[in-house]
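What follows is chain A paired twice: with chain B in the first complex and chain C in the second.
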Partner chain A sequence: MSQFKIDLREKNDINVLDLKGYLDAHTAPELEKVLQNLMDVNKFNIIVNCKDLSYISSAGLGVFMAYIEDVRKHKGDIKLTNMSAKVYNVFDLLGFPLLYDITKDETEAIKNFSSLKS
Partner chain B sequence: MNKLSDQSSFEQKSFEGAFELRSLFEFSSVVNSSLDLKFILNHFLLTLMGKLVSLRGVVLLDNGSNSFRIENVKGLPLDMVGSTIKIDKIPNRILSANAVDIKKYQWMKYFKSQGIHLFIPLCAQDKIVGITGFAPGILKKKLSKKETTYIKSLANIAASAIEKNLFIGELKQVNRRLDGKVQELNTLFEMSKEFNAVLDPDRLLKLLMFSVMGQIGVNRFAICLEQDGSMNVVASRLNKQFNSELCTYIPSLSAPLLVQDITKKSDAVWRDSLTELGICALIPLRLQNKTKGLLAVGEKMRGEEYSRTDLEFLSSLGNLAVIALENARLFKEAIEKQKMEDELLIAKEIQKGLLPARLPDVPRFDVSATNISSKQVGGDYYDFIQLSSQQYVIAIGDVSGKGTPASLLMANLQATIRALVPIGLSLAELTKRVNDLISDNTSSGRFITFFWGMLHTESRIFKYVNAGHNLPFLIHRDRSITRLDKGGIILGIMKAVVPYQEGEVKLDDGDVLVLFTDGVSEAMNSKGEEFGEDRLEEIIKENLNESAEVILKIIVDAVKEFSINTTQSDDITLVIVKAKSVH
Partner chain C sequence: MKTLQLKIKSKTDKLYFVRDFVSDAARNFGFDEEAVSKIALAVDEACTNIIKHSYNYAPNKELDVRIITNEKVFEVVITHQGKLFDPSAIHAPNMQEYLSSYRRGGLGMHLMKLLMDKVDYKILPNQTCEVHLVKLITKKNEN
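Moving on, here comes the complex of A and B:
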């Protein structure tokens, strides 16, 4: 079965999720669980680092859709960084760059978070 | 001198010729190496304006059906860009608005009012891809033949570059559409694979929701499904409640549609409620040509309209989900059925183990008993316990409920009475103890109707307690009847507050005592009528002279015949005790 792993760390009060492997219909519920846990403890500033994400499917994108509104309602955001061209292509095809802040790296995402505050 | 002047004029001309060729070559390499249409048009306008020493320029591209779109302007209001102009008479050569019959070229009037007079068609392989127009050069001199040729060449080079670019643009679009289609198919493929591997309906719904959200970019939607014959909302991410009245509209839908396309007058009320809920499109979920549910989606987060392709995709995905949900349901049903059958087998085994394998020989009495368990195992019980050579306990009971729980309670009852009987208390006191023990040990709602008695074979006195059980018949030889009704509350409901009463009867020669459960008296025929106690009484009366075994067989046969063509729904249990003639 396809491998998927999520590592969670904190950086400047922002929760960073490192995604590894295949994010598809089979593994989407794992991401859902992690995001739901963050919602439960009121953590709304989230960076999803896609450096080691080798594949994403529509169901995977759907998980982000499920939480983005909630997160933004609480003045937070889900920002996506370090996407490979292949993964970005899927986001792009489904029109996600219009809806999500997709940055080159974490530094840029953190900068966007702090400019949002001020 | 003339010769000399000729010479210099010739040099001048060849110099100009070389310059023009070089500039044409440069222009060609610049526009042909660019993949940016805007840049090409811009560069073309500027080059021509430079050549003509003109201060105003415009370029239009064919937009289909004689309409042309203004793509770029110089020296003119920028808001002209983007507007389209109908051009019914397309120029096929360089034209000056001053040199043509303006009535034939109505469209020129607008440009003339903007100071544009000179029009040059952009021809690529006999196809006009656009038109460019300019204000007259500030030097006002007439274009020479050579200049005209140069301008034509420039326009042709630009036209080929434009066409190539449009073509590439089109290819890119086609490619992207294809990529989008591939992505859709990938999603469908992945979901069908995943749907097949998942049997938990909640997880199935979640997967459906994620892929709808991800693929379509919508996060307002509701899913309704038919469950046990009625349409229910099973998931909703709408701001308002999807009311159950709307559910009644669902079965009439057979194909996906946009809410704005609901035009039938009688459906206007649905359209209004759906619009109020923020729902844009309805996708019926179909299984074997029947609408089994609905996916109702709201506005896309990017604000785009729903395309045919979107609706088709959602329809395919939804139908896959419905098949998977149906499979999951069938699978669960099969498992449950198997589980129930296994359980019933266990219950049957327990019951069989509890009933006496063989009845004791009771001196001076003729006894017979049977239990015919129903498919569900009803929880009936009877027992004969020999206390001494002259004392026998005869019991019958019916545990509420069916299956394993009933048979376990039955086992509990049997163990209790077998443990309590030898301690030598009165039947009434024993019944109270049995009741108190059972009510301590059973969950609420479970109870036992129970009848038992102690038969003294010498005196033929039968002392009994009836705890809510069907009143046994004692039919005397003269056909008179005593119903054994003394006792008290059903076992297991609560601790006995009022003591149980003990009844006492004497069995004389030929008297027949019949204990039975409701499986006998309430056996149903195909018309839904009950066998009834009267019928039972009649049968016993008519066969008083038969042996216990024969009476039993006659009753069982009568019940079976009565309920022919129906399924036996409860256990049938009978105990017959007949006093032998000893005088």
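Moving on, here comes the complex of A and C:
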């Protein structure tokens, strides 16, 4: 049984990660690997689409914390979109919306990237 | 009083089963979905901490997860024989400072305390460690 899946696509020079399933201490290394691969090829504009993300634990939150500083140093960002109330509550409980740009949908996240450039 | 029990190996791929086991029991006890999610996450964090810090990822050790329910009390007791742990050494992080300094990790226990009504650590005379996670059912979180 596959608990977690990541699909990667590119849109307007932004890399979009579609997450599906359960992000916990077991599956977090998979996300870490994908983000590390993007860093290695200097891709710093990232959207994480959480539409089909059913669950996140602190191990999953830790992966975003591991890369956000580097990404922003390179004038990029990790923007999170389409979160269910259940997943958003975990981010919110720990105050993560203070640090991360969490948008309602992908269009809004893309727009926020454009306003960064201008 | 009613007790349910699940034994798992100290591997992170077992977290999924623990969450399912605890979620089903919490749902049957009468918690709403929001409370069920909170309990499952707290138990996941406790098991992850044990696998990572007490067993240092050794995959052949055991965790014993017991659910004890009594009237309005839903208690999850996780027992292990790993490294002893001093919870008093862990202080709640200042989240503003944590986020602004881009720290990573160390949020598991903080989350458990935010999600549950009571979190307690016990060391038994035979050097077995227990993590107790308690959630009370109230009108607010009742289904």
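By definition in this document, the second predicted complex is superposed on the first by the 116 of 118 C-alpha atoms of A that agree within 3 Å, B and C clash if a C-alpha of one lies under 4 Å from a C-alpha of the other, contacts with A are read in each partner's own complex, and residues count from 1 in each chain.
The rule is short, and it goes like this: a residue touches a chain if its C-beta (ideal position, glycine included) is under 8 Å from a C-beta of that chain, and two chains touch if they have at least 3 such contacts.
Predicted model only: the values in this text are computed from it and were never measured.
When both complexes are overlaid on chain A, chain B and chain C end up clashing with each other. When the two complexes are overlaid on their common chain A, residue A:66 makes contact with chain B and with chain C alike. In the superposed model, A:3 makes contact with chain C only, not with chain B. Contacts of A:22 after superposition on the shared chain: chain C is touched, whereas chain B is not. By the touch criterion defined above, A:95 lies against chain B and chain C together after alignment on the C-alpha atoms of chain A. The superposed model places chain C right into chain B at 296-304; the other stretches listed in 80-88, 296-304, 422-430 or 548-556 stay free of clashes. The interface of chain A with chain B overlaps its interface with chain C at residues 24-26, 57-59, 61-62, 65-66, 68-69, 89-90, 93-96, 98-99. The touching residues of chain A, when paired with chain B in their complex, are 24-26, 28-29, 32, 57-66, 68-69, 89-90, 93-96, 98-99.
Contact residues of chain B toward chain A in the complex are 176, 179-180, 183, 186-187, 190-191, 193-194, 197, 203, 206-207, 209-215, 217-219, 301-302, 304.
Within the complex formed with chain A, the residues of chain C that make contact are 11-13, 15-16, 19, 34, 37, 41, 44-45, 48, 51-52, 95-96, 99-100, 102-105, 107-108, 110-111, 114-115.
Within the complex formed with chain C, the residues of chain A that make contact are 3, 22, 24-26, 55, 57-59, 61-62, 65-66, 68-69, 86, 89-90, 93-96, 98-99.
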